[in-house]
């Protein structure tokens, strides 16, 4: 007696009924799909259609296949969290992708039948994910770094009711902000420097029993995973303490680019040439002494100050920072105001190439001009200190001539921010922009390295524009200048956002749920260790460093670090890694379920493995807009091309498919793969498939990988058509009928 | 009648653009109850109308797909479209929010099969292409519209066209009797993420946006380059449909200007740099872009992109705020008059098309927000005395997408701080 | 006027910007320029000047005193106000240009032969003498300002125009003897004398 | 229509046999029809114009204008000061605003005015004739008295600079002001709204000192009018009128053009449309005869229309 736990529903709405023989399709589900309970419905997403399904579920159905519209459509109606669900895309995937003509009818029907076969086959291999049993226990937030970003993170976490452990390398809290006399305003009228507010933050943190503060302390080791991190903190005494942690905010800030690398700008040649930090120091000393800022060389009165923008920044020679630190224009404006507000008679000149004060910075700029700060568009060639005076030589870009400012009592070099992001895990001996060899900050005991991966110029930023808190180390979020050069206002905003993500990671780990982008996914990779050959591919290729190795180099999965992309599954040569609802078998079964006509049928079969985030929606939308494509393709959405195991390709080819198209996201520097390197890995693996093809004496054209984008509504159908032509040219696969 | 369950534990997010969606999703994924309010028929907002993002040149719809998937799988998030907030009273932890729900004339039976649209003949200006094209008066806002449900334009309701749509629908999804509703709901915290709107280019009289067909805005240009757009991605001239290969980009069109917007809109420089690459993508070496600027504000690693564009032979930079645009009476070519201030070079440059990098102003200016708030002189939200109302994204400042999302994430946390059940150690 | 220049030089050693701010009408606006160049592109006589307004402002900041004050660029201003209405920083550029020209004139540094300088002085003198403009004298004065011969040439060249206006009743030959004038000429003279005094004091010209 | 009364500031060029005397003539005729009473400010003086700067400096210029305000306030108390000349209006308005903004300047001005036994209280309103027409009367009312619509006359509205910038007419844009076109249409003429030189500078006073440069400007102004198929140019500014009309012969010599484009005042169009004789409308005051207007002006008014 058939297993009543499996049910399939064939919808004939939206023209499906008119375009294909739904009854035949239903019969296929029953006969070939071996589904005991098969129902047809003219309007399945209607309340009574849905009620019907609910009823069956109520009566014991645990696995449901719905043959109707795309898995992207009608998700509210077809929301059955208590069962394993497979969807056959008969609307966007079949009737809308095909012309409504008599000659097309037969092949369109075959498409529909196959998709139903595939859904049924998938269903048989699926399990409803039970969730990760290895749930987290702790929701404490570890904040690394006690500067304005770290302090803000700690305070915000506390306001949200979470305990905080704060580790600061220095003896005092406050970081850079504590070194400033005042900060750039972040409220109207944006007219004058304001108090940094760092004192209040320090008090809030130190007076709060809910924050454990370790100063003069560093992280000796960080192990574990979200919800169960273990931080070993080396404290002043030389001893070390362990803290259980839910998630981590890394706010380790920046170091100023070392001005001593700029001798041509007078650095090191005279005490009257300072960087912005040096000027802040002078300003605070002046305040303490109640005197105006005086000339370091002889304590003389300052009558003229020159600010040199982009000092060692936006550099094209390759010697200095190539990027712009973004905050320095406003900082120089602020510092020029230190002088103008105290004594309008002091001449202050800012020499800049582009004045970069976005947003309300424009008000601050205007205010400075109003106070008499002179702005000169020019490129500084050199600064020549001579006794107590400095001469600044520059190219005046407006007057288009070489010019000089003589007798400057002070020259301030606006040098940039260099991230304190720890070691470069891709290149352990790399030195930072200041020529220093970084020491690790997190000391992660991860297989893939001790610190966060860096994006560019040594900053640990997210690669994604839509997702600034995307991290390649789940549960660890960078905030403030360590992630991107930024000013105080941005750093505080950033820290607040990062804390939310940390809290989210800690909370979700307790529920065994995945973090972004598969938020809420309860499936997780399971490994059959007895079959494992310790080849380490999974531990090396995991984009998120989720998999460690034990002493016998067996993989150790840390589920709550995992993002469920399946790259490990794709990597595994012995196929011992799988997810309950997404496995070598769920896809393999679909591939095998397709009915392969014989080689004389002139009906090739092309397997399309499509990234579910970009390629698959693009195919859906192409069809919605009436862009048709070949009836010979059978599309299977995959979590990421990285999850594609080569066995699927060889199975397909052995099974008589005539070609395989793999559609993934752009890779390279501006990669768009949301699992970082999935599409890149797939391409690399497929290059090796060529060998396999040769051994099978098949043409290499039979496997092709494509970089596609979600906007390729016209291009994708064209790619398919073109590929169908290629197949037509090289002929049908000789493997047919052997399977 | 629309049913909505909301309590003082609920976070109401106003605005379904990327900032609002982000704030709503982040809060929901922290286990909070969220109600997302969107004025238009679909989520996505301004970014859904962009072709590519700087500096990666990736597609906004890619991130939108992910966010929509997060949203579909979240049980804590409820979306109300065609809903407008008319009043917010109360304070931190105890707000009451008044809503006006406009009729969609299409109910949840809609399968998005498109039969109504095929049946209807009446066409309206397509707001998703800034009116550069027409669309049927029964429409799906755009290919990625969520909810994936059609809309009837009020103009055809009560006309034979409306009846046609109704007759065409097999699923009883069209309800011509729908009326406007008002709704009052509770909320513990409110996140205001109504985003931005382009500054009215017609007000920049010297550039003749209101007089010359071949002077367009940077947002209209996004639509021209987008395969989903009115030209199917072909960059052509509105006046004669000819390929526009020589394109001028004028920065600070309305921004940094006491006569218009006093602030710098932050995104325009990068947006124009990005758009020069659209020209290259479309026409290769034949394309020609000229950027007229005061300061190129490509901060942090955006500088890398600026460098890349600087190295592009097809792109020229002129340090100048153009004085005016004239039009060649015969060819309708725009001719830009001004002076390159780097060394004082006078020019009168003819182009196929001029793109004004229009400034950013809040879509709902401070004074028009139906709640007592402090806004800056440009209308961006600074704070609210009621303690549980937070601005997010471009409602709070001129921000790029990345910073908008940061801002939205931060405001989600602030909202959570207000509504969190006091089951945790108190701060 | 050399004395006044000496005194100014002494007072504002290498700070021309401050000199302009204190002594030139609307001079305090010069510092607000952000070098966008909209003024330069908006000026009808743009192609004819050596220095555009924005460039003049930059030169002032750069302390190029002699170059600025002896420049004839300011004298090219037609008072069309295009620059003023387009300036994103709302600088009263026309007035600043006039102010700079006037100041240069006061210091005796303005280009001697600049026709507009002469005409400007001529016009003011003409209209303040009687309180109203004597168009005929103004015109003739203009023609003859470069000397008798040049004047006769110019007048001859313009004879048709003059004749035309005469025929059209828009030129009164008798103005040469007695034109329009205000009754209270004396009062106007006194009032102007006072005005000059006050301005000298305010701008610190007085020795 | 209730009689409207204003303190009239005609300005030097509008005086008897002045270069813009025909402007005055037509304004009088127009105002008579519109029942507007313009009483000249007793003993008014020159505004100093913008070109007077080199001699005047700042304060003297303001004092000259303030004297007119003081006189108006004394003799025509409560009446707005209305100028017909762009330069007069601009100069006066600028003084009014400056003094209003600076107590110092106001005090200094009055200290000087005392020498002439006058005082400016700062309450004077400064208007342009066009403002009176558009704001106080309105297009509709302006159209009412039309008895001879200027049918078929193609007119390029040349606004010029100083009635347009920096103050301009409320609601109009600096780059594309439309009020002249509206006035033309009000009196039944055909406004050439696409005329793109409408705000180009004619060189102003520099037409005298820098003739070549100015005439290059004027050439564009006239040429474009021809391109648009204009029968004539209309302007609100005496200096514009003079420059654009008078120098056409020189331009023809210099550039070999054949310009013969009449340049009239809006007030002349209106006077003619209101039925004035050529003389009343000051049509005799042109070097280049506005023949089209002339033809209409000499036509007998259709009976019953008056």
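To keep things simple, chains are lettered A, B, C and D as they appear, and every chain counts its residues starting from 1.
One rule holds in what follows: contacts are C-beta pairs under 8 Å (C-beta built on N, C-alpha and C of every residue); 3 or more make two chains touch, one makes a residue touch a chain.
Just so it is clear, the structure is predicted and the values come from calculations on it, not from any experiment.
Go through the assembly and pull out the chains touching subunit A as well as subunit D.
B, C
Kindly work out which chain lies most centrally, taking the average of its C-alpha atoms as its position.
Centre-most chain by C-alpha means: B.
Across the interfaces A-C and A-B, which one involves more C-beta pairs in contact?
Between the chain pairs A-C and A-B, A-B carries more contacts.
Relative to subunit B, which chain has the most distant C-alpha mean position?
Farthest by centroid: C.
Roughly how far is subunit A from subunit C, centre to centre by C-alpha average, rounded to an integer in Å?
One centre to the other, that is 64 Å.
List the centre-to-centre spacing of subunit A and subunit B in whole Å, with centres computed as mean CA coordinates.
23
Hey, how far is the Cα centre of subunit B from the one of subunit C, in Å?
Distance between chain centres: 51 Å.
Where the centres are mean C-alpha positions, what is the separation of subunit B from subunit D, in Å?
47
If you look at subunit D, which of its residues touch at least two other chains?
Residue numbers touching two or more other chains: 174.
For subunit C, what residues touch not just one other chain but two or more?
In subunit C, 34-35, 54-55, 82, 85-86, 89 touch at least two other chains.
Counting only residues that touch at least two other chains, what does the list for subunit A look like?
Counting only residues that touch two or more other chains, subunit A contributes 355, 377, 398.
Go through the chains and record each pair that touches.
Every pair of chains meeting the touch criterion: A-B, A-C, B-C, B-D, C-D.
In their complex, what parts of subunit A are in touch with subunit C?
347, 355, 365-366, 369-370, 372, 374-377, 396, 398-399, 403
Contact residues on subunit C for subunit D in the complex?
25, 44-45, 48, 76, 78-82, 84-86, 94, 98-99, 101-102, 105-106, 110, 115-121, 123-125, 127-128, 131-133, 135, 139, 142, 160-161, 164-165, 167-172, 175, 180, 182-184, 187-188, 190-196, 198-199, 202
Flag every residue of subunit D that touches subunit B in the complex, lowest number first.
Touch residues, subunit D against subunit B: 173-176, 196, 227.
Which stretch or stretches of subunit B touch subunit C in the complex?
206, 252, 256-260, 294, 319-324, 337-341, 344, 346
Can you check the complex and tell me which residues of subunit C touch subunit B?
It comes out as residues 34-42, 46-47, 51-52, 54-55, 82, 85-90.
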